[in-house]
Structure formats: C-alpha cells, structure tokens
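Quick one: this structure, given as structure tokens, is what I'll be asking you about.
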Amino acid sequence: MKLDNTAKGVFPIAPTPFHADGRVDEASVDRMTDFYLECGSTGMTVLGVMGEAPKLDGTESLALAKQFIKRASSIPVVVGVTAPGFAAMQTLARASMDAGAAGVMIAPPNTLRTDDQIVGYYRQAVEAIGSDIPFVVQDFPQTFSVVMTPGVLRRIIEENSSCVMVKHEDWPGLEKISALRKFEKEGMRRVSILCGNGGMFLDFEVERGADGAMTGYAFPDMLVDIVKLTQAGERDKAHDLFDAHLPLLRYEQQQGTTGLAVRKYVMARRGIIASDAQRKPAGSISATAKAEVEYLLSRVARVDPRAKLSPV
Amino acid sequence: MKLDNTAKGVFPIAPTPFHADGRVDEASVDRMTDFYLECGSTGMTVLGVMGEAPKLDGTESLALAKQFIKRASSIPVVVGVTAPGFAAMQTLARASMDAGAAGVMIAPPNTLRTDDQIVGYYRQAVEAIGSDIPFVVQDFPQTFSVVMTPGVLRRIIEENSSCVMVKHEDWPGLEKISALRKFEKEGMRRVSILCGNGGMFLDFEVERGADGAMTGYAFPDMLVDIVKLTQAGERDKAHDLFDAHLPLLRYEQQQGTTGLAVRKYVMARRGIIASDAQRKPAGSISATAKAEVEYLLSRVARVDPRAKLSPV
Amino acid sequence: MKLDNTAKGVFPIAPTPFHADGRVDEASVDRMTDFYLECGSTGMTVLGVMGEAPKLDGTESLALAKQFIKRASSIPVVVGVTAPGFAAMQTLARASMDAGAAGVMIAPPNTLRTDDQIVGYYRQAVEAIGSDIPFVVQDFPQTFSVVMTPGVLRRIIEENSSCVMVKHEDWPGLEKISALRKFEKEGMRRVSILCGNGGMFLDFEVERGADGAMTGYAFPDMLVDIVKLTQAGERDKAHDLFDAHLPLLRYEQQQGTTGLAVRKYVMARRGIIASDAQRKPAGSISATAKAEVEYLLSRVARVDPRAKLSPV
Amino acid sequence: MKLDNTAKGVFPIAPTPFHADGRVDEASVDRMTDFYLECGSTGMTVLGVMGEAPKLDGTESLALAKQFIKRASSIPVVVGVTAPGFAAMQTLARASMDAGAAGVMIAPPNTLRTDDQIVGYYRQAVEAIGSDIPFVVQDFPQTFSVVMTPGVLRRIIEENSSCVMVKHEDWPGLEKISALRKFEKEGMRRVSILCGNGGMFLDFEVERGADGAMTGYAFPDMLVDIVKLTQAGERDKAHDLFDAHLPLLRYEQQQGTTGLAVRKYVMARRGIIASDAQRKPAGSISATAKAEVEYLLSRVARVDPRAKLSPV
C-alpha cells in the first residue's frame, strides 16, 4: 500500500504519548491508533514536528514508527523523515518503508532561501532516499521559515515523480490551493493536497480543492465529518459543525508547546491517550487554562455530543 | 488628555483609507473616526503597521495623525511612532503630542535579541522622545521577531514611568497576561493591557485581566460588547457573541496584506470607508475570497444584525 | 551627471560625522568630502546603513545629502533611499535628484523571501521613484537577510533599464561576480559592479571583473590604489599593498556599531573628521581596542606611510 | 582524561574526510589525526558543523567519533553532540564518553531567543546528558542565530559545574572575552576559552585572555605557533606570522560550503587528507578559485615554508 496522489480524507498527525517519566507509552500508541481507525481516518502521519519526533532518538523513532504501522495496518502511514542531513533521512526512510510505511514526509531546512535552493534540496533528498519512495512536501513557512511559491511547488512536483502530496500549511494559504489546482488544469501532474494548521481553515480549504486534512486537532472525527459533508455538497452543515468547534480548535492552535499541551490534555480527557505528558522541553497547561478548555468543551458539546466528557 | 494606566475598553487600530489611485481618502478618515466614536470606542490608535503607516511619507503621516486627532477629539488617540532611528521617532512623537495625541506606541526593531538589548532600546527611546510622553510597548513577536519575557516587560515598566500600557499580541499569550497581573500583585506598577491579534483570543484575554482590545477587526462594535459583557460578568453571553463572529474574525486574521484586504473589504461593505484600496505593495482579495467573506457575513448576521448588509 | 553602467573606481561610503552631543558636524562633512576628492575617489555614496542614515530624521537626511552633493560637485554622488515604504523612498529620491544626486541606492526589506518577491519589489520601487532615476541594487544578505541568486539579479537588471549598478556584498561572493560577468557575455546588459564588505575581498573581486569598491574602509586612498594597480595588471604590487592593510581592514570589519567605531576612530586620527562620535544607539571603542588599532596602524605604516600618524 | 577548565592551546575542528562517492575515508581520518598530533595540537574536536556532522547518520557519527578518539589517544577529544532533541543528544554523549571522549560540545537550537530560554536550554541539556560529562558551550550567533550576552554565559557557567569551556565565535567578540575574564576576577568560576571563526581574530583573542583556538584553518600548525608566541610575550613575531597567513585564512573564512571547500582543498594539497570531496549538499571550488588559493599559498610560503607545496 503505497501513498499516491489520490489520497484524501483525514490523516491525523499522531502525537507521541509519553508516560510522566518521559518513556514512550506504548499502550497509548495502540489505543490512539485504534481510535484513529474507528473514527474514519483514511491514513495517519507519524514522527511529525507536533509528534515530538525531534525529542526521540534514532532507535526510538524507528520503533515507534513500526508500532504505528503495524497497528494501523489497514490504512497508509506516512512517516516524517525530516533530518539535518540526507544520510539520516535515507536511513529512516528506508527502514520505515521496509517496515510497511506508505510514504514519507520531508520538510525543508530553515537555511533555504532562494527558489533554486528549495527545488535543489528536494532533488537531492530524492536522490538520497530513492525515487521509489512516495513523498510529501511539507509547506509550513511559519515554522520552517522557508517560503515556497506555487511556482516552486510546481517545479518540485514536475521534477520528482515520487512527489505525490503537498501538506499545505502556509498561512494565508487559500489562494495557494486555488493556484495549484489551476496549474493542474494547465497540465501539471495532480498531487493530493492535505491541509494542516490544526484545521483552522479546513472549512474553506476543502471548498478550494484540498483533498482533506493532515493535522492533529484533538477531534479528528470532526475533521472527518467536515471533509465528508463538504465533498457531499452539504456546505451549511459542514460550517455549522466546524463553527461549533472553532473556539476550541483556535484555542488548541497556539504555537509550540502550549498548543500541544492543550491537544494532549483533550486527548487524555477523551481517553485516547493515558496522559498529557510531554517529553522535555515540555509545555504545560495551567489550572486556569484547563478550566478554559473545559468551558470550551462544554460549549462544543451543545452541538457535538462527542465533546460531552465525564467531569474531571 | 494624556494616556495613562487606567485605559480600558477598545482602541481600534485605524486602517488608512486610500483612493484607488493611492491618495489618502480624507473623507473616509472622518467617516471612520465618527464610526469609531459612535460604536463606543474608548480610544483610537493610528499609524500602526496594519494602518499601512510605513507606506506613508513623513508629511503624510503627520497630516493623517492630525486629522484623526482633531476629529476624535473626545477620546485619546495613540500614534504609532516606530521608526528606524530615534531622530525620526522623536520628530514624529513631538509633533503628534503637539497636535493633541494622548500618547505614542513603540515597537522594537527586529535586530534586538537579548533581554538587555530590548530593555536598553526602550530606555534610549524614552531619552529620545522625552519622559513626559506616555508610551505603549508593542509586544508582537510574530511580526517583529523580538521576544519579550514577562520579566523583560517588567524591567521596561519599572525603568520608565512613562510606560503606561502594553499592547499585548504575543501568541500564545494568555499566560503572559496572568504573569503581568501577578507581578502587579507583587508590587509592580500597574499598566493597562490592551490586546491585539485581531481579537482572536479576546474572550479569554479579558477574563485573564486584560483591560480590553487594541486591534482592527472590522467589527469594533462587537469587540466593545465583548469587553463590556465580560467585565459585567456575563460570560456566556460574551462567548455567544464572540463565537458567532469567530469564523469571520479568524478569516480576517490572515497575515500580512491578505488579512488587511479582508478587513478593508468588510469595512467598505459596512460603509465605514469608501474603498478597500491598499497603497502598494498591496494585497488584494479574489472573487472567491469575496464570496467566502459574504458567506461568513451572512452566517454572522444570524446572531448579530450588524453583519446584515445590503447585497453587493 | 547621472550614474551609468560605466562607473568604476572607488565610491567611499561616507559616514555621518557627529559632534559629541549628537548634532551633525557640518565642518567635518566638508573636510571629509574634500579628502575623498583628493584621494582619487570617482564617486561617493551617502546615507548608507554604515552612514548611520537610519538615525537621521527626514529633514536632516536631505540636508546632509545636499551638503555632500554640493561639496563633491565634480564626482557623482549616490544617495541611499532605502525606506520602509515607497512614498518615503520616492520623496527622498526625487529631492536628492533635484539637488544634483547622480543616482540612488535601494536595499531590499528583510521580509522578502522568494525570487518573485525580490524582483517584484524592485519593479514597484522603480514605479514609485520613476524609471528616469538610475539606481543601484544593494545585495547584502548578511545585513538584510535577503538572498538574491545571480538569476534574480539578472531579472532585476533586465526588467529595469534604470538599474545601472550592483553594490555587491554577498559573502561569499567571488563566484557571483563571475556569474554576472558571464551573463553579460551571454547577452545581459552590462552593469557596473562595485564591492562592499569593507573591502575584505577587493583584491580578488577586481580580478574577477568588479569595477571597483563602494565601501567605507578608513583608507579609501588605499582602495583607490588597489583598483588602479589591479586594472594595470600589477597583481603582486596590488596584493602587497592590500595584504599590508588587511590586518587593520579585518579589524574594522567587525559587524555593527563596533566596526563603525573603529572606522570613525581611524578617520578622526587621520584628521578626516573631527570626532569619532556616533549618534545613539552608539557603539564605542574601549581603551584596549584603541591600543590594538594603534598597534595595527603602526604595522601598516611600515609599508604604507599614509598610516604613519602622529602619536595620540 | 576528562576535559577541564585548564584546557589551552589548539583543538583543531576536524573535517570529515570523504571519498568522491560520499563514503567516509577512514584512512584519511587516521592520517589527519596523526598530523594534528604531530603539529602540537593539545586536543581535537570532532562532529562539528564544519565537520559535516549533520550529513552523517547516527551509526556513522558514532563510528567516526570512536575512530578519532582511538587514534588521538594522547590528547583530549571533544565530540559535538548538538541534536534536535535531548534523547539523541544523550545517546551520542553517553556513547562518546564510553568510547573515551574527554567532553562534549553543545550548540543552542536556533529557536531560542530570550536569556531565560538559553539558560534553561543548557540546564535541561545537562539534566539529559548527566552532570558528570564536561561540556563546551558553543557561542556562534552568526550560524545559530542565538545571541548570548556575557551575563547569560555567566549564568550557564554558574548553574552548571560541568560547563568547563566556551567555544567563542561571536563576531565581534574581543570585548566578550575581556568581559568573561573580568567576571572571573569578580568571582566567577574560571572556564577555558577557545576561539573559532577560523582564527580570524586569534592574534588579539589570545592577548585578551583566550586560552587558544578551536577552529579548522588548514594550517593548525600556524595556530599552534601563534598561541605559543603570544603566550611567550613575542607579540611582534606572533603578528608577523599571523599576518602572513591572514590573506589565505580570510579566503578560507567564507561562509558555508565555500569556505569548507577551500579548507579541504588546502588540506588535500598538504597531504593531510586524500580528497577535498564533500558529502552532498556539497560546496565546490571553481578552477578560478583554485588558482586564487594557489596564488595565496605561494605568497604565504615566502614567510612560512609549510605553505610551500609541490606544484599541482
């Protein structure tokens, strides 16, 4: 099962569940994977930035990827293989594919500036990992400081037949989706576009032509509904559901460790993982913030019963 | 009428209205100012980044500030005086105060990195403009790349008695508000805290102790209501109104010229300004984006009749 | 006398002489200009970054530019017009040309990232100032964080006939000079290339095809000799002289206010300006650093008598 | 043999020798290590940025470190363990120490901004690797974008007894050395200070109180002489030798892969390594640049016979 440009729906970005002492919580890995499958995910992405991948060492990373892949055997798993150099990238990419991954995701290093540097980087990355491995370009300027124009993405797509997907999280980004889809009408090979940024613009992104979401909001089941409703033409229903979640979604979408702390807190409250622990350097969530999240959950629950949780 | 640390409520960040050919639209300046007064604004801020201040030359800047100050005579006007050097800052600050400004706002240059550099910069800025001019520290790391810890803000506040307000737009930023208010309980001189970021977290910011908003969302009248409702203890009502606007507010809160294009489009639709023109380098709003905004307005209007606009 | 693409030799970047109290020292402005003329400068550049231009207000900037232009009437004067927006740029550019400037220099704002953004910026700048004003592209990534490939420079040159010169201070940059000269052989319109970075690579830059220097090293007379010797084919003599200065030149080439403090100290020691004062925020030179500079001067003086100064 | 705060002399930063096909050239690793020992190095540093460490995968990194440590058994070897997260840092640090390393070097991640973030990072790094491993703080703002004031370095030194050395490569940096040595007179625990930046300011750095160099200039034997001559009070002799090398040293000190290409070219010419190959993404050296380097070598050779090489 290899990733290709027909991918659509929701690929949750899986956080890494930890015990309070910093060890990977393997039981939660399985439980979370089962949850993703049950709620209609069409794929999964592991070892992403918000998955605390950089905090794992090489051995842990691979072991974790393997566990996810094994458990999620019925859906494609994308493995983040972003690395400081091509040797480490190749090692992880090859090992992941051997373990059954469907493809890999590559973010650009923050030293890239010019169009040619960016295009050249992806060319060399493909040379390193091999052109037989399907890959996702992660376009996330706020975090990586690398700005890719639609034209640069087109060059990457046209130069590398193994590029099958763009993980779109530029901000603002709606016009970029339209630009890419326009390029396709003009002859560019089609790629799948899955959107990130916690889902903050998913309502319109799918309307603009995106195929779905690849992000980590603590209610992936809601994201699944949004994509389905939108693709079924149920615009108002999609927005009604989306808008009910937006106050919480926005609260989770705080940069860095704060947002992750909120996400893990809600996932733990939903019983998807056992603990909201982060490995160091860790963000935390204050008592006031917890109370704010509980209030937001209670408001979401008025529309979406999945947010109705047993009291703390 | 000088700005002091009791400032509260809503200080809209005024955009600069332009004609399609790039000239300042003076009639709209007056109309917009009148609108701000009518909708309960307790102050105004002019020549901010989102006011396209850097696109004006020195003569235009001062003329515009004077017009705003004259028209808004019953409320305090804060003038953004951020400049590449202290001489230009002093010139604009002095001229603005002579024209009746209530205070000035100063953002840090993006070359500052260390705590001491930041504190030293504000010390020198106060030496340049004079300690008799009340000033606002603009804490906006996403745009200025300068990260101020709560401790650095405390040092600036304690060193400079003319520092009366923090324009808070760090993101995430809720804990920073709590930290500053805690410092005050421990003895730090009180400052006013007005929040930016388009109002994205205003619902909780006021609950955390902020005094209100200083931002440019196209419905400042809604922001006024949120501050009032929250300070009156009407939490659910505040969130109900806020949540109704959040999908549009979020859409406007796209970085750079895109967000400004949305804001000006809605303000023009509301009749507050005559045209959504930006001076070059200008953002624009596509036909698709306009339709998305109209859809969002129609949804807001179900709860807030102020969003019910005559058809395009 | 308009700047054109035949410009060569040495255009010193003029520092702004200040009195100890921060006022512009007009007598030193004239004395320094006379010195530049006497030592064989073929042009001058004023209001550059290292000229503390951002520390002047608008009125001062223009007055200073006018004084330089008037005094240096026999050689072309380039005025730095980099500004936060096009209105201020246009105002200063027009006024400078009216006062007799030969052309203007424009650095890119540090927010530019992609190739298209950079090219688009220069297109809009030319629209703003008018295509009748010859301009210099300042290519200085270390300071401005904007990386221009040779191909981007070619696009700027080919799109804008008023682009007559590149101020080259990329680092490393020798291959870029070769690339631009190669483009010319392939048909690109010729531009003048004058080099910055304090002259750190001037020995080889001229050999690679640069037309000379535009920089502020405190011995512009030495730079004049290097360009002449190199263009006369006296390679060893050029390097002998250059190498004798390199230890001091390297010492002056410390970033930011430190390097400027060294430069002004040596210029004051040579009697070119009255004082090494900087306007705030000011760098300073410690007693130890002064002693180091004196030691370096004494070593240069063994080869170049111009460095033999009367004792402090 | 553990690194401590008495370390002095020259610790060359070892490049990684590669074969043309990208494999590590193990024979050259040994030959280069022998050369460093013969020329009077008092230590060695491996897996640094300029050692292309990020291009190695985990297994290669450790194998390379082990080979260096084994071969250089009579001098302390510092291993760069900078990593995206603490788990990988701990794994490499522990394994290196087990293999006989004398200490480790840690550079800050480029996301750090505030004083507290920097100090906190080193605190957590020490928690991760253990306080029994001596470590070096790498202070290199031009590459890492993290600016440490002398006061921040003092906090790191005072909080962590295992911090025994600062690799100083701030630029400008002379006053920082003086500031740290002044802190020690006022009671701060002494640390060793070894300087980087290719040695560009080594002549004065040692005079200011630095203990020597930790850098990769292709003539470490010259650096050894400079430190010895300076510490023996032979100031003029030290500068005479330094100045003879400075034109070449400056040429090598071009940022990024260009400078490394020059360094490896000269090392290969000297017979220290077999090839100047870099692993991808690789810099290269043009025919013109080679000729420039040869010319510079011939000029150095007039003073220092070690630069007299057999013709190409």
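The letters A, B, C and D name the chains in turn, as written, and every chain counts its residues from 1.
Keep this in mind: a residue touches a chain if its C-beta (ideal position, glycine included) is under 8 Å from a C-beta of that chain, and two chains touch if they have at least 3 such contacts.
Going by UniProt, the chains are A, B, C, D = Dihydrodipicolinate synthase family protein.
Remember, predicted model here, so these are calculated numbers, not experimental data.
Chains compared, chain A against chain B: the Cα-based superposition rotates one onto the other by 180 degrees, nearest 5. Although chain C and chain D share one sequence, what matters here is the overlap of their interface residues, and that overlap exceeds half of the numbers used. Each chain gets a centre from the mean of its Cα atoms; for chain C and chain D, those two points are 33 Å apart. Averaging C-alpha coordinates per chain places the centre of chain B 48 Å away from that of chain D.
For chain A, residues touching at least two other chains: there are none.
Chain-to-chain contact here is organised exhaustively, every possible pair of chains being in touch.
Residue ranges on chain C touching chain D, taken from their complex, read 171-172, 174-175, 178, 200-201, 203-204, 207-208, 239, 242-243, 246-247, 250-251, 254-256, 258-259, 286, 288-289, 292, 299. Put simply, chain B touches chain C in their complex at residues 52, 54-60, 84-88, 90-91, 110, 120-121, 124, 127-128, 279-281. Of all residues in chain C, those touching chain A in their complex are 113-117, 146-149, 151-152.
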